[in-house]
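Common to both upcoming complexes is chain A, partnered first by chain B, then by chain C.
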Partner chain A sequence: MVHQSHFTNNMSIYIQSVSQISVQKPLTEEWFDNPILPKEAFAQSIEPDYKQFIPPAESRRMGRLIKRAITTSLSALKKGGCEMPDAIISGTGLGCIENTEKFLNAVIDNDEECLPPTAFMQSTHNTISSQIAIRLHCHGYNSTYSNQGTSFDSALLDAFIQLQLGQIRSALVGGHDEMTPDYFNMLSKINYWRKEDVNVDMMRQCDKEINSFSGSCSLSMLVGTDHTENTLCRLADIELFHSPMPSQIRDSLFKMLHANKLTLSDVDAVVASYSGNPNVDRYVGHYLTQAMSEFPVIWYKHLFGESFCSSAFGIYVAAMCLHKRLIPKLLLYNPKDAEIKNPKNILVFNYFGWNPSQPNVSLSLLSI
Partner chain B sequence: MDQLIEELKKEIIEVLNLEDKKPEDIDENAPLFGGETGLDSIDALELIVMMEKNYGIKLQNAAEGKEIFKSVRTMAEYIKEHRTK
Partner chain C sequence: MDGIVVTGMGVISALGRGVEQTASMLLQEKSGVDKMRILKSKYTSLPVGEVHETTEELLDSLHYRRDKVITRTTLLGQVALLEATQMAKLQKGLLEGKRVAFISATTVGGMEKSEQLYHDFLYGTEHSEYIALHDCGACTNMIAEITEQDIHYSMLTTISTACSSAANAFLLAANLLRTGRADIVVAGGTECLSKFHLDGFNSLMILDDEVCKPFDKNRKGINLGEAAAYLVLESPQTAQERGVAPLCRYAGGGNRCDAYHQTASSPNGEGAYQSMIQALEEAGLQPSDIDYINAHGTGTANNDETEGFAVMRVFGDRVPPISSTKAFTGHSTSAAGALEAVISILALTRNFIPVSLNFKEKIDSLNFTPVTQTIRNAKLRHVMTNSFGFGGNDTSCIFSKL
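Here is the complex of A and B:
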């Protein structure tokens, strides 16, 4: 059993800005007041006008995910008032899977000959961080984490530690994954998605039937040590766990709160990774019941869908609630809960585990 | 020859993903590399793969490429002479 941990010192780390491309209106926070509720299991992301961010001559060789990653990166940097981050750290579960499929299909179709070089070059996971760096001319720390459902969390933890150690002052952290028809169909065969139309109310009844839907994720987040007028909130702590007992999560929660001079009563809510899939959500519920039963639960996958990097939206949703000083009713998992005004501290709990005996889990604390 | 040139222009646009170009935008006599099209060595690799896949031509001598890829017309002339499919 592995347990990675890190607790805060005196250095404050802030989430400066976030930009996303998803099933919600891209590059905006419009989802907070006027969300789109997807109705299909294979929910399509809304593409922005990439030409506003990437000249056509440069974008012609880029796959869809690279375009999204660069666009959200440029947008997040602009929102955060930063021209050049000290580090670029990405999380991705599948990398540029569209190009990987294209290359592998060419291997089969052409009998291992006549293979397209561009698709091969862009099929690697670390293409994303490197393409962002090339676009920005950023020569700083550049890294990629591919740890299934905690890929983004791993990237954020890396940035958090380096910021705390004073090795960098800013980092562009990304969570990027795309869904392709082939991969969607493969997961459909193991009953991972809802077969009929998606309905948010049915997603809550996750103990009865599968109601999850797929959502591609491209989210870029600027984190740094400077508090500016653009700052969304403070990232007080983040920890990753592999196969933890609920009691370990509870212990870490107390240590996390203690390190930040907080108590349980200071926490306004916990963002949980409920997805609408009972095969996964029952374990999320188990951890919440055992370790964090005091808090109202926020969810977000009914708005952004499920992907390897959807945990990035969990952090994003918590940051936006703190920034806007409101947890709207739409984000509350229990329909009987009323909206929460002026939240000050929100936990984010991410559970990922197709194999329930070896899940990856993260716990984060965000504060105003 | 004209038909082959038009076919090649469409294939080049598709293979190199020249989204903002139409066949009529490409001058068959203009330099493919170093000119307005802005193609580079990776594009040359894509064109070599395309010639092998679509026309059954395997370039044995890399130095030949410089002459073959001078323009769309020189490509078409080479393909016409050496194609196996």
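Here is the complex of A and C:
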């Protein structure tokens, strides 16, 4: 296919800071050296000390996901030295599902009577971005993407394009999803999670019926056009695809590299969305083999788990490896690979396909 | 010609199926808001803007088996998507080398099915195939399947910003085109009625038990509705290459956040004001260039007054003809931005201004009244359509004659 040439300008876009709440130690990068390896399928996130960010009286009235999203947002802004972003864009696969379930159960159990309005008000997906905006008094661009496993990728793409076009100079991009016991059980019925406690080595063996673990995810990332002393790395490009042929990913990879004056040999590794679920990982593996077989593979879902927004952690892990100038052994999918020092360019490949004939896929390039 | 043009649109709402039917109902001043017939809620006295086709009728019309695993939100989306893509001639053979993106908006997604089957999801063994259809993104992915014989979407995503969702799909579409990331974008939204949604709005006590009266002093609230609508957007060059006649131009959009309260607008409508200003700036237009505003105008006490204030701040004492078409269609939430874009484009291209039904008495604090009689032979060059959502997600779009 002949494509119109990719829009190019000289604008560089940087990842300034990231803050996360997950099964790893919250609001830190401690996982990089001392990771926690969850064994159970329904892994719980570690809650930070919220009162550093939100007054306790307010905090008590907030849903868990909102509390996390505001906290990671404020923390990322602080780390990035930014008081007011030009845009707030979130990705969330399920939105505020805890409140959604609360209201839904009331509708069903109370036969549509005596319903809790607050649960409904806080159930919509855009509650996250709007509560962040209310907290910051931010009147800038505000949006929310809810597209399963490419929700965060969509939010990041939106920010990237607006930065490229000069419509904004900074954006707070988030990936926020919580897992509830009921939703966990529902997804178990469609064979989404592990059935027994496993370890990382077992997860790597895709021929076994070992599924991913559920990790709630709250990650905020400040991106912008200013290079500062805090800057983690450059986000060179991000592209989304719908049921692409592996050759399209390959073509796009070459175009990305060319636009950034790089070649295949400049790429140190590819971050892949392997989760330990063989039903999904075989497709991830297919794309990697066909389109990016020359690169060592990094994975992250063994540390952060699976959720609709876990792809945010793929970008995060790549950014941290570039920032810390190291790809540690623990992040390498192939146990035979040795750690990689001074990585300069890392690809991030994310695959999501509940319907494997119609997957959504993203490819990003991050550089020092 | 620079910029972005609209080459196709598709719609299904309480006014019926298709753009011709929609135009006809608007011109006849016939509302589609009526007694609840399809939704199985106990609040049957609440009027709703229901699509007057049962889910079975929708399935039949798309030649599906009656037991197909699919949600009503998805079916509505497929009906509208087919019309839009056919009008724009997005057909196999005419898309060689073109990247077509699909952006759809929804908030409740598969909730209408989930609320019926929820106990099975949790405790039973049946219907678990619907679990994977619950979320917003699942709807978009399945809607896209209806055109798979003709179109391979190069990317696809879902926006969920409550009642402004579909309007935000146009903003992203424009940026994808501007950066050459897509050659053609199909963008819009879909939402079906559910008990969850109806009861939610009802719990906030903002539903009217009569047909709604936007911008009337004695307005009482919303009639909830359902709809799906999509626009096809592309560059004039792409349209010309493909031999497709554009309908109008997409001139610009603005997205601003009120940042005030989760469900109420700020007293002076700050977010609404800023989104209209930004849309004008992006379109390179002055307030005086706008010939018609299709207001968000939900009929709630809070929205209509604060939207009115924001309109007065932008347009001063020269507020152009303004109407809310919510009394025709009900408030179709995530689809409303696309439904009202279709209505605005119909007005623009067929030279009429739809009436704001049920208006009787001016709101004391506003300096304008909405259009009370259909204006025919209106000379419209630029029309603005507002979509404001919960959480202060405020978006305005402007469409212009070619």
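FYI, the second predicted complex is superposed on the first by the 359 of 368 C-alpha atoms of A that agree within 3 Å, B and C clash if a C-alpha of one lies under 4 Å from a C-alpha of the other, contacts with A are read in each partner's own complex, and residues count from 1 in each chain.
Keep in mind that, in the parts below, a contact is a pair of C-beta atoms (placed from the backbone, for glycine too) under 8 Å apart; a residue touches a chain by one contact, two chains touch by 3 or more.
This structure is a prediction, so every number in the text was calculated from the model and none was measured.
Participant: Taking chain A as the common reference for superposition, should the pair chain B and chain C be classed as clashing or as fitting?
Facilitator: fit
Participant: Regarding the shared-chain residue A:R60, is it in contact with chain B (first), chain C (second), both, or neither?
Facilitator: Touch status of A:R60: first partner only.
Participant: Quick one: classify A:P117 as touching chain B (first), chain C (second), both or neither.
Facilitator: In the superposed model, A:P117 contacts both chain B and chain C.
Participant: Applying the touch criterion given at the start, work out whether A:T144 contacts chain B, chain C, both or neither, answering first, second, both or neither.
Facilitator: second
Participant: More residues of chain A are touched by which partner: chain B or chain C?
Facilitator: C
Participant: So, A:Q162: does it touch chain B (first), chain C (second), both, or neither?
Facilitator: After superposing on A, A:Q162 lies in contact with chain C but is clear of chain B.
Participant: How many Å separate the nearest C-alpha atoms of chain B and chain C in the overlaid structures?
Facilitator: 8
Participant: Considering each complex separately, which residues of chain A are in contact with chain B in the first and with chain C in the second?
Facilitator: 115-117, 121
Participant: Residues of chain A touching chain B in their complex?
Facilitator: Interface residues on chain A, with respect to chain B: 56-57, 59-61, 110, 113-118, 121.
Participant: Mind pulling up the chain C residues that touch chain A in the complex?
Facilitator: So the residues of chain C in touch with chain A come to 41-43, 96-97, 99, 102, 107, 109, 111, 114-115, 118-119, 121-122, 128, 131-132, 135-138, 140-141, 144-145, 152-162, 168, 172, 175-176, 178-181, 183, 195-196, 199-204, 255-263, 270-271, 274, 389-393.
Participant: In their shared complex, at which residues does chain A touch chain C?
Facilitator: 1-7, 88, 92-95, 103-105, 107-108, 111-112, 115-117, 120-127, 129-131, 133-134, 136-148, 150-151, 154, 157-158, 161-162, 164-165, 167, 182, 185-187, 189-190, 239-244, 308, 354-355, 358, 360
Participant: Which chain B residues qualify as touching chain A in the complex?
Facilitator: On the chain B side, the touching residues are 15-20, 38, 42, 45-46, 49, 52-53.
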